[in-house]
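What follows are several structures.
There are two complexes below, and they share chain A, which is joined by chain B in the first and by chain C in the second.
So, the complex of A and B:
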């Protein structure tokens, strides 16, 4: 039995202990002392301590949007089976490319954020297809950040297929961190990530090696970041957990981010052939975590990112800055998606819904609207209300509430309303599966030691 | 082949379901099934016409909406504090001085 409270404290009880606790018969002993210290015994609760823990965990409520996603182009040279990003073909005459002017206005808009530390993430489509505007935006963001004395982090999400030595050097020298997709060994990766112009996996591997080597040789002039990669789990990944993890180890990656598919965008149409049930994903996640822990026990260093994000909350009581799992969610108040034409959306998923012809999640345009107007746009307010777990019937009493979050875009796309219906919500089932796996491992001393080590400070 | 359309009638008792909850459920079902609502003695009657299981799913949605409304009556104060704080912080508003 798992107990949790809004301060983020948890306690695992046996059925018998829980029965004694619930009946008010647990009045002495070590367990009583533990529960009292964690705020589970009303007459002994340190309310100031709990309030401080709440404030630390929910520090994001004072911050404003930290993540600014610039969609440099909708064009892409890949045709991934599960793509949600509304990408169009690599050709297309640049009609869906962000111009330099819009990119600069987007940077200016991002710098109006109340958040003292912002990240500008260049995405697509494949952003390297619009290199000139991307390069200009990087230099402009660096210059404006210096002039305004603002901390600006820059990140690029790319499939690397158009990377060159010159571009890579520019990114490294301008402290742009890079992130790519790696779905496993070559056969699996290339099956998911269809690239008619070459071998997607070999390009990914080549540039991961390049950026890892650059990060290993730090120079005094700038900070070089380790590259990171995302794993999108398709039906073809199921049962291949070890091969996938081994591939990440082989490529020298420090983290693996196991991300489930969502039946939205392009993936919605192909769901019967590439999707899976929440139970199937939970099994995949459990197996993956178990194998990673086994490697950790043997001295290999690899962490699973979802687990790290949740552990930051569970173990450290801190806000890891993950916008998809918080209350309210990060829609507009934590992130903004800037479409190629300057249209602003609550998030990248909201932008994809817009591309399908429904602008419910549009909050403005960088060329026309003020920052304040965008932050208080109807879509921003609606998402802040709909993702408030205090108003979600199932979530409000869930033991995982202090660490979880709902997604209004997912709810809207799959269940027809921003609020959704959690008992039959696929994302809720996936999150439950991951929390179940994590808390089961935290209950075992050997695995708990490794997991806590992932977020030790 | 066109999926079969099934029509069912469901009665929602006022003792459990408010009119608002049933109307909200009907709005959610826009595009999924045809729902027509009429006031009846002691509640609301819904005529649901759509693919197999539409009426059952509509009942689930009506229950979901009713639970949400009930919960809102209990938690709306704390929920409003949280959402308002997040929105105003993001918009750049400073908290007003306490009097």
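So, the complex of A and C:
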């Protein structure tokens, strides 16, 4: 039995101990002492300490949007089976490319946020298809950050197929961190990520090597970052946990982000052939985590990002800045998605819904609307209310509530309302599966030691 | 097609909210219909969703009902305290770090800072204003310092 409270403390009890505790008969002993220290015993609660812990967990509430996603183009030269970005073909004609002017206005808008640390993430489609505007935006953001004395982080999400030595050098020298997708060994990766112009896996591997080697040689003039990679789990990934993890180790990556598929965008139409149940994903996640821990025990450094995010909350009581699993979620108040034409959305998924013809998640336009108007947009407020777990009948009762978050866009796309219905919600089932796996491992000393080491300060 | 499950619940033992929440928690497995009955009772009908079985639903519903009863009691007993703690958390401001007390008044601090700035300016000016970087001639050789300027060497 797992107990949790608003301050983020947890305690694992046997059924018999829980029965004694619930009946008020657990009044002495080591367990009672532990529960009292963690705020589970009313008469002995340290309210000051619990309030401080609760405040720390929710420190993001006053910070303003920190993540600003600039969709440089909707054009893409890949046709990934599960694409959620509403990518159009690479030929496109540039009609869905962000202009330099809109990019600069977007940077200016991002810098209005009250968050002390801003991350501008260039996405697409494939952002390298709009290199000129991307390059200009990077230089502009760096200059404006210096002028205003603001901390500005820049990141690029790319499939790397259009990367060149010149572009890579520019990115490195301007401290732009890079992230790509790596779905496993070549056959599996290329099956998910269709690239008719070449071999997607080869390009990914080639440039991961390049950026890793650059990061290994730090120079005084600028900071270089290790590249990161994301795994999107499709039906074809199931049963191949070991091969996928081995691929990440082979590429020298230190983190693997195991992301479940969502029935949104292209994936919605192809769900019968690429999708899976929450139980199937839970099994995949447990097996993947178990293998990663085995590698860690043997001295290999590899962490699973979802676990790291959850462990930051569970072990350190801190906010890891992961907007997809937060209460309330990051819609507008934590992040903004800037479409190629300057339209602003609560998040990238909301932008994708807009591309499909439903502007429910649109909160404004950088060329026309003030920051204040955008922050107070109806969609921003509705998403904040709908993702407040206190107001969700199932979530408010769940032991994982202090660490979890719902997605109004997912709810809307799969269940027809921002609020959704958690008992039948696929994302809830997926999250519960991951939490179940993690807490089961935390209950075992050997795996707990490794997991806590992943987030040790 | 699995049969619907009908369960009668005493509203003297369980509040209507508990019954509703317990039924809601099974929403992934079954649709729930709640109807009041005379004599302080309610009828809960659980209709399994397509592809779901009815086996175990009644047992799970009753278990959830007991859990909801406990939650309701604990939540009721702690509501005010919880709201107090959350209010405290929302208004929480960490204590500012204690300032170093140098023992100087603000005026004295300012004078000291001005003096330091003046000295730094002078050092900078000496270093960059054409003045020799070796005023004592430490790096000069004996010949540099004492040799006749016309180049002739003194005979020993």
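We take it that the second predicted complex is superposed on the first by the 457 of 457 C-alpha atoms of A that agree within 3 Å, B and C clash if a C-alpha of one lies under 4 Å from a C-alpha of the other, contacts with A are read in each partner's own complex, and residues count from 1 in each chain.
Note that a residue touches a chain if its C-beta (ideal position, glycine included) is under 8 Å from a C-beta of that chain, and two chains touch if they have at least 3 such contacts.
Fair warning: this is a prediction, and the values are worked out from it, not measured in the lab.
Novice: Could you tell me whether chain B and chain C fit or clash when both sit on chain A in the superposition?
Specialist: fit
Novice: Go through the superposed model and pick first if A:358 touches only chain B, second if only chain C, both, or neither.
Specialist: neither
Novice: Let me test your reading of the model: by the given contact rule, A:243 touches which partner, first (chain B), second (chain C), both or neither?
Specialist: A:243 sits against neither chain B nor chain C.
Novice: Per the contact definition in the header, classify A:63: touching chain B only (first), chain C only (second), both, or neither.
Specialist: So A:63 only meets chain B here.
Novice: Touching A:22 in the superposition: chain B (first), chain C (second), both, neither?
Specialist: A:22 contacts chain C only, not chain B.
Novice: After lining up the shared chain so the two structures overlap, which partner does A:380 touch, if you call chain B first and chain C second: first, second, both or neither?
Specialist: A:380 sits against chain B, while chain C stays out of touch.
Novice: Touch check for A:392: first (chain B), second (chain C), both, or neither?
Specialist: So A:392 only meets chain B here.
Novice: Between chain B and chain C, point out the one touching more chain A residues.
Specialist: B
Novice: Would you sort A:421 into first (chain B), second (chain C), both or neither based on which partner it touches?
Specialist: both
Novice: According to the stated criteria, A:213 is in contact with first (chain B), second (chain C), both, or neither; which is it?
Specialist: A:213: touches no partner chain.
Novice: Using the superposition on chain A described above, determine whether A:51 touches chain B (first), chain C (second), both, or neither.
Specialist: second
Novice: Give, as a whole number of angstrom, the minimum Cα separation of chain B and chain C in the superposed three-chain arrangement.
Specialist: 5
Novice: Of the residues on chain A, which ones does chain B touch that chain C also touches?
Specialist: Residues common to the chain A contacts of chain C and of chain B are 58, 61, 393, 421, 423-424, listed in rising order.
Novice: Flag every residue of chain B that touches chain A in the complex, lowest number first.
Specialist: My answer: residues 27-32, 60-61, 64, 67-68, 70-72, 75-76, 78-79, 82-83, 85-87, 89-92.
Novice: Using the touch definition up top, name the residues of chain A that touch chain C in the complex.
Specialist: Touching chain C from chain A are residues 6-7, 22, 42, 45, 47-48, 50-52, 54-55, 58, 61, 393-394, 397, 421-425, 429.
Novice: Which residues, counting only chain C, touch chain A once they are in their complex?
Specialist: Going by the criterion above, the answer is residues 21, 24-29, 49, 70-71, 77-78, 81-82, 84-86, 88-90, 92, 94.
Novice: State the interface residues of chain A toward chain B in the complex, per the touch definition above.
Specialist: Contact set of chain A toward chain B: 58, 60-65, 113-114, 327-328, 332-334, 371-372, 375-376, 380-381, 384-385, 388, 390-393, 396, 415-417, 419, 421, 423-424.
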